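What follows is a set of notes on a single structure, which appears directly below.
Chain IDs A, B, C and D follow the sequence of writing; residue 1 opens each chain.
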Amino acid sequence: MSYARQMLDNSPRTLNLDAGVLAAAIDALDDCVQACTADIDADLSEQNLSDMVKCIRLCLECSDVCVATRGVLSRSESGSRITRRLLEVCVASCKTCGDECERHAQRHAHCRVCAEACRQCEQACRALLDALK
Amino acid sequence: MSYARQMLDNSPRTLNLDAGVLAAAIDALDDCVQACTADIDADLSEQNLSDMVKCIRLCLECSDVCVATRGVLSRSESGSRITRRLLEVCVASCKTCGDECERHAQRHAHCRVCAEACRQCEQACRALLDALK
Amino acid sequence: MSYARQMLDNSPRTLNLDAGVLAAAIDALDDCVQACTADIDADLSEQNLSDMVKCIRLCLECSDVCVATRGVLSRSESGSRITRRLLEVCVASCKTCGDECERHAQRHAHCRVCAEACRQCEQACRALLDALK
Amino acid sequence: MSYARQMLDNSPRTLNLDAGVLAAAIDALDDCVQACTADIDADLSEQNLSDMVKCIRLCLECSDVCVATRGVLSRSESGSRITRRLLEVCVASCKTCGDECERHAQRHAHCRVCAEACRQCEQACRALLDALK
């Protein structure tokens, strides 16, 4: 069981949604931040570096947005409207970054893995958005 | 002249908006992050600590959102739609946090200063949203 | 297999240490950041809030240090001296935060879980320091 | 007067050092984070991109370390030993990053500005280290 889930299960925080859905989103955000951070470094080592610039910038953006979203989801006083709108931005950023990483997936295995992390994060955030409605 | 402005003026980045408006938003986001971070610590030292819990949580949220927004604004490959929507979340978060800080402004001078930083950031982000239209 | 490990295994980055030890440290840092972030929120909901102030501040500090350490470990151009010294700071911060969380472990299960995450992170960073010698 | 200084002057936090020296370090850390973040983006737009890879990685590292240091300095419960050791890592990271940026200063004005921000941050952190002794 992930630490995100353990912390939710042992928190005084009152959840009006399924803890599993929330923990899954937090875990997927963590994974996406890690994949994007490592993908930036991997991209910087590639021979076709100039082809990777857009990927690097989108990974930086996706990582920034996921870090903020994870923080907001880990707190109980978050205005539900702000949470939902930030989740929507996060879905869009993961989609954009995942699409770009996928373009490089054949050539660079690290971009394939990063695209998977972005897709999983996009889906987990969508599932949480559905649960918050 | 702030470093945000100096970096914009010396960057190969092509801006299709006024550099002053963008730099003002980045600087206001920096100030808001610093004010919120320091306000959390100040709140934790207050006698009426239980009254400050909502303020602490909203400062944590506002800081998370402002950090992400500043990062995204500092890059050129940002999808303009993601930038705009993140700016809208940021405006909402600064408004919510500023309102809460203002409630404590009479009693705690640090909350008054933090409310000012939130208001300035809200306005600077609104001005940038107008410029991006 | 964690994303940290998958990214290392698919990166052009040349490692002069065991990928498992490095990935374990990155994963433990992620867990520690998440546990500390959630513990701050849980502490803020407790009745004995004034007893939790030190714990909140140390969780904020530990989280800041772990985020930086994780970023540095995820990149290949890090000066090995800076990496080692930052890992040492991280070990000290996890130790201090874990000790404080443990003091509250009997009363608050969330502090017990957070203490575990801090201990695991401390150990994983020590193991990495040993591997870097 | 910067928000960092205003917040210190209006905080219940007891300082056993000069508020101006502490505020100057926090402000210089903010500037350094902003300069490094913008320099990464500017580097990514340059023709001689492969020459800029080391600069990008060191700016990412310096930014990570400065963000953590700023957070720790903005709080009162920081263990003085951890604070000092983190400041030392920060001085080393700003020195390394500033040296690399300076190598590109003739060709790229954005690297010249970033080098200045790194130097100022290095000096402000050294001054704070002296004040903490």
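By definition in this document, a contact is a pair of C-beta atoms (placed from the backbone, for glycine too) under 8 Å apart; a residue touches a chain by one contact, two chains touch by 3 or more.
Predicted model, so just to flag it, every value in this text is computed and none were measured.
Of the pairs listed in B-D, A-B or B-C, the one whose interface repeats that of C-D, with over half of its contact pairs matching by residue number, is A-B. In this assembly, B is the chain whose CA centroid lies farthest from the centroid of subunit C.
Centroids built from CA atoms put subunit B at 22 Å from subunit A.
Each chain gets a centre from the mean of its Cα atoms; for subunit A and subunit C, those two points are 20 Å apart.
Chain centres here are Cα means. That of subunit A falls 28 Å from that of subunit D. Multi-chain contact residues of subunit C, defined as those touching 2 or more other chains: 41, 45, 53, 57, 60, 71, 75-76. Contacts from subunit C toward subunit D in the complex involve residues 53-54, 57-58, 60-61, 64-65, 67-68, 71-72, 75-79, 81-82, 85-86, 88-89, 92-93, 96. For subunit D in complex with subunit A, the touching residues are 40-41, 44-45, 49-50, 53, 56-57, 60.
Interface residues of subunit B, counted against subunit D in their complex, comprise 2-4, 6-8, 10-13, 26, 30-31, 34-35, 37-39, 41-42, 45-46, 70-71, 74-76, 108-110, 112-114, 117.
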